[in-house]
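Listed below are the structures to be examined.
Here chain A shows up in two complexes: once beside chain B, once beside chain C.
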Partner chain A sequence: MSQAVATGDLAPSPAARPRRRFRVRAAPTLGVLILALLLVCAIVPQWVAPYAPLKFDYRATLRPPSAAHWFGTDNFGRDLLSRVIWATRIDMQIALFSTLFPVVFGTFVGCLIGYFGGIADVLFRRLVDLVITVPFLVLVIAIVAVLGPGLTNMYIAVSSVGWIFYARLIRAEILTQKRRDYAAAGRVMGYGWPRIVFRHLLPNAITPVLTYWMTDMALAILLGSSLGYLGLGAQPPTAEWGVLIADGKNFMSTAWWMSIFPGIAIVLAGVGFSLLGDAVASLFRRR
Partner chain B sequence: MHALTHAAGRLLQIVPTVILVAVLMFGLMRLLPGDPALALLGDRATDASIARMHHEMGFDRSIWVQFWEYLRHAAMGDFGDSITMRLPVGRLILLRLPVTLMLTAMAVVLAVVMAVPLAFAAALNEGGLADTIIRMLSQLGLSMPVFYVGLILLITLAAGLGWFPVGGIGDNFWQDIYYLILPAMTLALSLTAILMRNLRESLIEVLNAEFVQFATAKGLRRSLVLGRHVLRNALISTLTLLGLNIGTLVGGAVITETVFAIPGIGRLMIDSIFARDYAVVQGLTIVLAVLVSLVFLAVDTLQAILDPRVDA
Partner chain C sequence: MSALLSVQDLAIRIGAATPVDGVSFDVSEAEMLGIVGESGSGKSLTLRAILKLLPRQAAVSGRIEWAGKNLVGQSEGAIRKLRGRQIAMVFQEPMTALDPVLTIGLQITESLREHLGLRGQAADRRAVELLDLVGIPDARRRLQNYPHEFSGGMRQRVMIAIALAGEPKLLLADEPTTALDVTIQDQILKLLLRLRDELHMSVILVTHDLGIVAGTCERVAVLYAGRIMETGPVYDIFRKPAHAYTLGLMRSVPEQLQARQPLRSIPGAPPDPGRMPPGCRFAPRCSLAVTECAVPPPLVSVGDGHRSACIRADAVRVASQVPA
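Showing the complex of A and B:
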C-alpha cells in the first residue's frame, strides 16, 4: 500500500493530467471507429465497393485517381478502391486466423507448463531459445517454403511458431499467481488442478495475453502482407494488400497510386489494432 | 572478469540451441516438395543421371547418415554446395554477408541517432504537444510494413526525384554507402519507432526515479543530471532493446534486400527458397542463428559491464 502512495507522489504534474485523460478516451474511440470501418469492408465489401474487384476495363488502364476511380485503376483497368476494399476481407481473415490457434493453444499449454513445471518446462525453455534465436520471419518463410505458398499454409506456419509467444507470457504469469495465497487455499480446499488452474489462476493471468493478442493481430497483418508481397502468402488474383502493393511495384514510376493506397490500408489496420490494444491494457489497469 | 566468465558460460549455451536449429532446418528441408536433382537437370534428365546426381548429393543414404554428415561438416563451416549457383554454401554466404552486415549496421546507427533525441524530447515534455506528435509518429512507424516504407522511398526519392539509385549496390565502399542509404532508412524506421517508444517509457521512469530526484535536489545542474545520470540509463535501455529486436531487424533485412535488389544474404534466402536450394537455406538459417546468438551474448556482456546493477 505504501508503495502505491509513493508512486502516486511521482505522478505527472496536474497540468499534464487533463490532457492524458482526454487521450485515454479519444484513442480507443478512434481505434474502434477504424476497426468498425474495416469490419464493414470485410463483411459486406459488395455494399461498399463501387466496382467489381476483378472486372477488367481495358479502356481505362493505369488511370490516376479521379472522381470515377478514387484510388485510380491498375494495369488491367480494375478499380483500385474496390480491390483495396475487397482485400480487407482477406487481411482481416489473416489477422484472425493467424492468431486464433496461438492464443488458445498457447494459453492452454502455458498454463500447464507454468503450473506443473518439471521436464516440460525445461524443454519449453529450449524451444523459446530456439524461436528467439531464429528470426520469426525467417522461420515462417522457411516453413511456408516447405508447405508451399498460399494462405492456408501461411496460417499453419505462423500458428506452429506463434503459440510459443503466448505460452511464454502466460507461463510467467501463472508462475507468480500459483504462489499466491488463494491458489494455496484452493489446494487446501481439495480442488483438483483443472479447477485451480483454469477457474482461479487463469482469469488472473490472462490480461497480458489479451493485450498482446491485439498487438499480435496488427503484427499478423504486417507479416501476412509481407509474405503476400514476397509471393509466399495470398496468391494473385486474390486481392490482398501486400499482393496489391507487389503488383504496383512494377509500375512504381508511372502509377504510384497502385502501391501507395493499399499500404495506407495496412497502416490504418495496424493503428486500429494498436489503439485497441492500448485501450484493453488501460481498461485492465484501472481495475 | 565476472563478465567474462558469464560470457563464456553463455557461449556454451549457444551450442545446443544451434544444434536444435540445425535439426529443425534439416527436418524441414527434407519435407520440401520437388526433387532438386530433377530441377537441376531439367529436360535432359535420364534415370541414370538422376541416380548419379542423387548419389553425388548423398540422397541415396539413410536420413540419419545424411544428418550426421551434415552436422559434422557444418561444425567445420562446410554447409555443402549450392545446387543452383555451383558454389560452396559457406563461401556463398561469406560473399553475401558483408552487404547485409553493412546494411544492418547503417540501419542501427540511423535508428539510434533518430530515436534517442526524439525519445528525450518526448519524455521531457510528457503529455505535451511534442510528446503527442512523437508518439503518433512512432505508432505510424510501427504500423508500416518494411516493404511499404521501401516502396514509398523508392517512388519519391529514387524514381521521382532521382536522388538515389533504384536498387543494387555500388562498386566500392563509398558507393555502397550511397546505394544503401535508402535501404538503411527503410530498415531503420520500424526499429526507430520501437526504440523511441520504449526509450520514452524508460526515460520517464528514470526521470521520476529517486536517484534523479536526489541529484536534482542536491543542486546539480539540469544538463548534468540529464547528461550523466539519465543518459547513461537511457543508453543501457537502448542497448537492451537493440539486442531484443535483432531478430526483427534480420527479418526486415530479408524484405529490404528483396525490395531494393541488394545481393545480401536475405535476398539469397528468398532466391534459394524459390529455387529449392536446400543447402543454402539450411546453411543460412544456421549462420543467422549463430550470429543472432552472438549479438545476444555481446549485448549481455556489454550490459554487465555498463550497468553495475545487472548481476552477471
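Showing the complex of A and C:
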C-alpha cells in the first residue's frame, strides 16, 4: 500500500495520476450502484417486477427471453425476471440475517478474549482449530440436516459457526491495539476495562471486521443459494436464486435461461459486496 | 515538609531478574523530583509500579505510601480510584498515546466526566480552559480536531491537558520530552514548571537527560541498574557529585564551552538484570573502583539531604574539581 502510494507520488507523467484516481473511485461506485439496484429490488419488488412471481401461465411455459418476458418463463409459465427480482428480497435477507449475529456476537466475544486472554483464549484457539478443520459448508449442512431444512434453521446453523471467524479477526486486532500507548494511557486515566475495550480499542480494531463482513455477505448469499439448490434452504415455491437454479437444472438443455439469469444475479450480488468491501477497506486505510 | 508520596525499599522482580532493587525516594507537595538513568536502569518500571501498571509476572515489594496508605498489594480497583484522579501520568510518545479515532475534545471531556462528573456544556468549557492552560492556541476550534492534526509538541500538550482533567496532586512524567525536538522540549518543560506553580502539583520527571533535570527539578535521584546511586538537591549534586556514576554521566554530556572536544563516555555497558555484580553495580565500569567496591555500598549521607551509595565519594569529589 505504502509502496503503491510512493510510486504514485513519484510518477513522472501527470497524465498517469488522474487515470489512477479514476480507477480507484470507479470500483466502489460500481459496487454501490449494484447494491443500490439490488436493495431497490429487495425492498419494493412489486414496483420493479413486471409480473407476480407466483402467477402461473400455462399458455406461456418455457418461453425464451423476449420483449414480454426479458428473462423468459419457466416450466409453469412464471415470469423469470419477476422471480429473480422477488428472490432478491430473500437473498438480501440471507446476506443480512446470516451475518448479523456473527458480526455482533463475534466482535463482542473477540474483544473480551483479545483483551483478557488467559484460559479463555486458549480454549478459543482450540475451538478455532476445530472449526477450521471442518469445511464450513459441510458443517452448516450437517447442522441444517439435524435441525431440518428452512431459512430460519439455516440462519441458526450459519450463526452458530460464523461468529468464530469474526471473533478470531477482532481478537488478533485487539491483541495488537492493546499494546499501543493509548490503551495504557486509558488505564492510567483510571478508566474501567469496558470503556477501554469498547470505546477506545474497538473503533481502532473494527476495520478488518467491516471489510470481512462485506465479503461474508457475498459468501452468505452463495451459501444460501447452495443450500437452496440442495433443498435445505429456502423452500419452493419461494423464489430464491439457488432454488431458481435448481428448478432450471432439469431444463438446462432446452431452457438455459431458467438457470443462467439467477446465476448472473448471484454473481452480481457477489461482485457488488466485494467491491464495497474493497471500498470500505481503502476508506479506512487512508485514515 | 511532609512527603506526598514516599517510596521505600521498592523492589521489582521479574523472573530471576531484579531490575529495580531497594529504591527509596520521597516527593513533597508542589515539588519536582527528577529520576535520571540510562535505558534499562529501572526508572520507567519504578514509575509504573506506583500506579500498578506492570505486567502480572512482575512481583513488587517494599512500600509505596500515598496519603498514609501503602499502595503495594492494593487491589486493582483501589488503585484505579487513584489513577487520573490523584496521580496522573504522561507518556514518552505523544504520537501514539492519544486514541487516533476520537477527537481530542472527546478525549478530554471523557476524562472530565470520569473524574469530575462534568458533562455537556460544562465539560466543553472546562476542556477549553484546560487547552488554554497548556498553551494550545484557538482552543475552542481545536477541540474538533483529531490527534493526527496536531504536531508532536501540541500532542504532548494535549496529553498533559487530559492528565490534568482529573486535577491530580501528582503527575508522573515518563520521558515527556524525549520524542520532541529541543525547542519544543524546552516549551514542554516550562509548561510543567508553570503548572506545578499554578496548580500546586507535584511532578516526578523521569528522564535520561541530566540537562533537563538541572534546569527543572529541585531534587534528583540518579538510578543505575535498579539501584539509587545518589540522591539530593540538584544544585549540590551538580556542584559536588558524590558518586562515580553521576560524575561519569556529567562528563558524558557535551559542553558548549569546550566545543570540538572528544566526548567522554562511560566505558562498558549496564549489567544484565539477571546477572548483577555482587557489590556496587557500577563498579565493573568505574575508573575509581577499589576492591572494597565488591561489597554492596549503603546509601549514606554526604551533606544536607544529599546521599550517595559510593564508598569512593571523597575521591569523586576530588576528581570532580579537576576540570574535565
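Going forward, the second predicted complex is superposed on the first by the 268 of 287 C-alpha atoms of A that agree within 3 Å, B and C clash if a C-alpha of one lies under 4 Å from a C-alpha of the other, contacts with A are read in each partner's own complex, and residues count from 1 in each chain.
Quick note on the criterion: contacts are C-beta pairs under 8 Å (C-beta built on N, C-alpha and C of every residue); 3 or more make two chains touch, one makes a residue touch a chain.
Quick caveat, the model's predicted, so the values are computed rather than measured.
After superposition onto chain A, the modelled positions of chain B and chain C are compatible, with room for both. Of the two partner chains, chain C is the only one touched by A:184; chain B is not.
After superposition on the shared chain, chain A has more residues touched by B, the comparison being chain B against chain C. Legend: residue contacts after superposition of the two complexes on their common chain; A:203 is shown touching chain C, with no touch to chain B.
Rounded in steps of 10, the angle chain B-chain A-chain C defined by Cα centres in the superposition reads 100°.
Once both structures are overlaid on their shared chain A, chain B and chain C have a minimum Cα-Cα separation of 26 Å.
By the touch criterion stated above, chain C contacts chain A in their complex at residues 51, 53, 80-85, 88-89, 91, 93, 96-102, 110-111, 114-115, 159, 162-163, 166.
The part of chain B that touches chain A in the complex is made up of residues 13, 16-18, 20-21, 24-25, 28-29, 31-33, 126-128, 132, 139-140, 142-148, 151-152, 154-155, 159-160, 208, 247-248, 250-252, 254-255, 258-259, 269-270, 273-274, 281, 285, 288-289, 292-293, 296.
Within the complex formed with chain C, the residues of chain A that make contact are 180-182, 184-192, 195, 199-200, 203-204, 287. Listed in rising order, the residues of chain A touching chain B in the complex are 10, 12, 15-17, 19-20, 23, 126, 129-130, 132-138, 141-143, 145-146, 148, 218, 222, 225-226, 229-232, 242, 245, 248-249, 252-253, 256, 259-260, 263, 266-271, 274-275.
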